[in-house]
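Presented sequentially are two complexes of subunit A, the first with subunit B as partner and the second with subunit C.
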Partner chain A sequence: MNLLDKFLILDRRWVFLLMALAIIIPLLLNITLPFTPDKAVEAIYNELETLEPGTRVLVSCDYDPGSKPELQPFAVALFYYLFTHELSPVITCLWPGAPPLVESALLEVTAMLALDGRAAPLNHIDYVNLGYKQGAQFVMLSMGSDMRGTFPLDYTGTPIDEIPVMDGIENLNSFDLFVEISAGSAGTKEWVQTVQGRYDLRLAAACTAVMAPDCIPYLQANQLFGLAGGMKGSADFEKLVYDGTDYIGQATIGMNAQSFGHLVIIIFIILGNIAFFATREKR
Partner chain B sequence: MKKEIPLLITFLLGTWMILEFFFHNIPHVDQITEILTNGGMVIAAFTYILGVMNILQVNANRIKHHQDRPYKWTLLVGFVLMILLGFTWGIDVDSPFQWMYNTFYVPLQATMFSLLAFYIASAAFRAFRARSVEATLLLVAAVLVMLGRVPIGEEWIWSRLPDISNWIMDYPNMAGKRAILIGAALGAISTGLRVIIGMERSYLGGE
Partner chain C sequence: MDFTFLQSPTIIQISGWIMAILTLLIFSFLYKDNPFYKFAEHLFVGVSAGYGVVIVYNNVIVPNLVTPVMNGRAYYLIFGVLGVMMLFKLSRKLHWISRWPLAYVVGAFAGIQIIAYGQSDLITQIRATIQPLWVAGDPVATLSNWLIVFGVLAGILYFFFSKKQTGALGVVTKIGIWFLMISFGASFGYTVMGRISLAIGRFQDLLEFPVISTIVLLIIIAVLVVHTIMTREPVAEE
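After this line comes the complex of A and B, so read on.
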């Protein structure tokens, strides 16, 4: 058995070890490779730039800790942008694991704003986390006709009528912009299919890399005006939002690990094919 | 009547939900739809009760039969503990519930998903072979997209790689995805119609 034969039956623990090193070393070295933001992500940023201070933006956080590395950096960058531009996020969740992640993101942004010397955003005045509601498409439809009836209380149990940032909000059409952060179902696909066309919403999405190919048809059909796919999408958005600041977002840092992880997979695929064809006649 | 009444309810509600899409701006139509969607949310909320009962029942049985006892006890203790913490001290940012969520749930679930990277690497190494023209096309497209989506491809290999990756995603990928979407939508419409007119009755059980 020659070297190529041995390579073909390589113990998968070697693959695991090399993959681990490819991910861990770039994170430890703290190197940052430059990259160009995608046009679909720029579209989200450009649309945010057109909003007047005081505008309320609906943000639906439909993800859980499994997708945190991909989507939480987008949420943090989005909240940072909204608070620094005096825009007010109204946050909802269709995934039960999401509300505590939203609270963590808001806490992180509050710390960043403190470092900038800015005042902390005030719950119920500058933003509100309406928490989780079970029912997926039913909730979407219900929000389309009656937002206050769908979420009578916020995440902390405060009645909606006592929350100043919700003044005048009746339904989905009360928002100038809607950003959806999604890791699966219920998520981007359901929002587009259930309410986007029905209520003519300005909808953008940040989704996991696995979901991105499914969402591209909606982007080309203008059902989504912007799309941030996977960690790359979040890193692109971070680059646009944190431009001119000292912040380097978590997705930007993660892109280096992802770069070398992809490289290791490609090298294994190429070597595996070389070994396969070189030993084919023997088999 | 055990079957006729559910079939009638399904027919009426299904027909209503189709028609209201076209007439939802009419006030009374909107109000009735709201009642129906609220009913849907209440039913969906009840699935949690079923879920809780199912988790307790399945895991208690396993413990009783000495199957994976340490894991099942861990699950049940964690389950009860999170409910108690949430009900007792609330779910604020500085609550014990949030601490448990951040300290246990977040890293555990993130760990489970991060394992994918290792298994994908191993599976790609073993299974991704250029055995045919189709497989070669898939392999080349996958490599180009993987490199085009990370800075190392743009910075170290070729600055146009992201453009090639985007082209693959925007044209060949989207054509395929759109075909799948249209096919799935037609399938969903036909299944929905079969349910509404009573041809598909498996949801009633017993058939």
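After this line comes the complex of A and C, so read on.
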């Protein structure tokens, strides 16, 4: 049995081990590879740059811990941008696992702002977390017509009428911008299908890599004005937001490991094909 | 709820231990199926189910049923009864009762989704494929539009089965298959990227607690070695 034959029956646990090393070593050694932000991510950043201070931005966090590595860095970078530019996020969640992640992201951003020497954002004044609501498309439709009726209380149980940042907010059209962070259904697809066209919303999305191919047609058709797909999308956004600061986001750090992981897969695919075709006649 | 207590050093250390133990127990499946992996898997299912029940009770049943009824809006009980009727799905004899609330859900959902889907995924998408095939001074846009228009037509023709796919039609449908294969490849590439991202996330969390993770890893390796030796089947003699 020659080397190629042995390669074809290689124990898959060696592949797992090599993949683990390809991920761990760049993380340990802080190996950095350059990357350029995607145009679809730049579109989100450029749109945020046009907003006046005090603008309220709807942020729907529809993900859970399973997709934290891909989407939490985007959420942290987005909140950091909003707070440093005096923009006010109004946060909703259609996934039950999302509210604790939102709180965690807000705590992380508060710590970053403290390092910058900035004041901590005030709940109900600078932002509000309206929490989780069950009902997916029904909630989206309800928000389109009556935001206050859909979320009568915020995450802390405070009545919506007592929350200053919600003054004048009646429905989805009350927001100048809507950023959706999504890990599946209900998420980007449902927001586009259910309310984007109906209420002519300026909608951008950050989604998991698995979802990105399904969302690209919406970008092509201008139903989304920007899209950040997977960890790469989050890293692109971090690069734009943290430019000129000392922060390096989690997704940016992860991208180096991502590149090495992809390299291992590419090498295995090439070697596997060489071994397969070279030994085909023998078999 | 105030979550600042989560930042206390003790809580962070405890969460580090729990995270490292459960992550590495799940990863132990990559070596082989074992009882420790099963323990972590069952724990995850149980915790998820428990969390789901609490969330649904507090976010659905209390605000949408209990509170309105307590405030005198008794007609909300109708929806509560419909919800209870759904549970009859579990009964072999009385499962037909669940069809009534199911019919209501299917009807309402179809009413919302058919129009929404038609608008967003059909009409708008068709409109987006109607592109100018010549963009003056921009050869890249011209090529891109040709690819979109031709790719859509070739892909759709592949699913036209009323004529044998031979001759010119056969050539176009073959190209349609290539377009489909490329889109499947792109989807697969994104999926691989997503899965590696998840692994990176776990490793990033583990590396935040390097000492704890190393201790847990060594213990799990030792336990797996012992378990493998103890459960090894004796080799039958020739």
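Here is the rule we go by: the second predicted complex is superposed on the first by the 283 of 283 C-alpha atoms of A that agree within 3 Å, B and C clash if a C-alpha of one lies under 4 Å from a C-alpha of the other, contacts with A are read in each partner's own complex, and residues count from 1 in each chain.
Please note the rule applied: a contact is a pair of C-beta atoms (placed from the backbone, for glycine too) under 8 Å apart; a residue touches a chain by one contact, two chains touch by 3 or more.
Just so we're clear, the structure is a prediction, and the values are computed from it rather than from any experiment.
Engineer: Is A:S145 contacted by the first partner subunit B, the second partner subunit C, both or neither?
Structural biologist: After superposing on A, A:S145 lies in contact with subunit B but is clear of subunit C.
Engineer: So, does A:F276 touch the first partner subunit B, the second partner subunit C, both, or neither?
Structural biologist: In the superposition, A:F276 touches subunit B alone.
Engineer: On the A-aligned overlay, A:L51 touches which partner chain: subunit B = first, subunit C = second, or both, or neither?
Structural biologist: neither
Engineer: Which partner does A:G261 reach: the first (subunit B), the second (subunit C), both, or neither?
Structural biologist: Both partners.
Engineer: Of the partners subunit B and subunit C, which touch A:L113 in the superposed model: first, second, both, neither?
Structural biologist: neither
Engineer: Quick check for you: in the superposed arrangement, does A:L28 touch first (subunit B), second (subunit C), both or neither?
Structural biologist: second
Engineer: For A:A43, using the defined touch cut-off, is the partner it touches subunit B, subunit C, both, or neither? Pick first, second, both or neither.
Structural biologist: The answer is neither, since A:A43 touches no partner chain.
Engineer: Go through the superposed model and pick first if A:L4 touches only subunit B, second if only subunit C, both, or neither.
Structural biologist: neither
Engineer: By the touch definition at the top of the document, which applies to A:Y132: first (subunit B), second (subunit C), both, or neither?
Structural biologist: second
Engineer: Considering only the contact definition stated at the top, list the common interface residues of subunit A for subunit B and subunit C.
Structural biologist: 16, 19-20, 23, 66-69, 97, 100, 103-104, 107, 133-134, 138, 141, 155-156, 198, 209, 212-213, 217, 220, 230, 232, 258, 261-262, 265
Engineer: With touch defined as at the start, can you tell me which subunit C residues reach subunit A in the complex?
Structural biologist: Checking each residue of subunit C against subunit A gives 1, 3-4, 6-7, 30-31, 51-52, 55-56, 59-60, 63, 108-109, 112-113, 116-117, 119-121, 124-125, 127-128, 148, 183, 186-187, 190-194, 196-204, 207.
Engineer: Which residues of subunit A touch subunit B in their complex?
Structural biologist: 10, 12, 15-16, 18-20, 23, 33-36, 38, 64-69, 97, 99-101, 103-104, 107, 133-136, 138-139, 141-142, 145-146, 149-150, 155-156, 198, 209, 212-214, 216-217, 220, 230, 232, 255-256, 258-266, 268-269, 272-273, 276-277
Engineer: Subunit C touches which residues of subunit A in the complex?
Structural biologist: That would be residues 13, 16, 19-20, 23-24, 27-28, 66-70, 96-97, 100, 103-104, 107, 131-134, 137-138, 141, 152-153, 155-156, 192-194, 196-198, 208-210, 212-213, 217-218, 220-223, 229-232, 250, 253-254, 257-258, 261-262, 265 of subunit A.
Engineer: Per the contact definition, I'd like the list of subunit B residues that touch subunit A in the complex.
Structural biologist: It comes out as residues 21, 24, 30, 33-34, 37-38, 40-41, 44-45, 47-48, 91-93, 98, 101-102, 105-110, 112-114, 117-118, 120-122, 124-126, 128-130, 139, 143, 146-147, 149-156, 162, 166, 169-170, 173-174, 177-178, 181.
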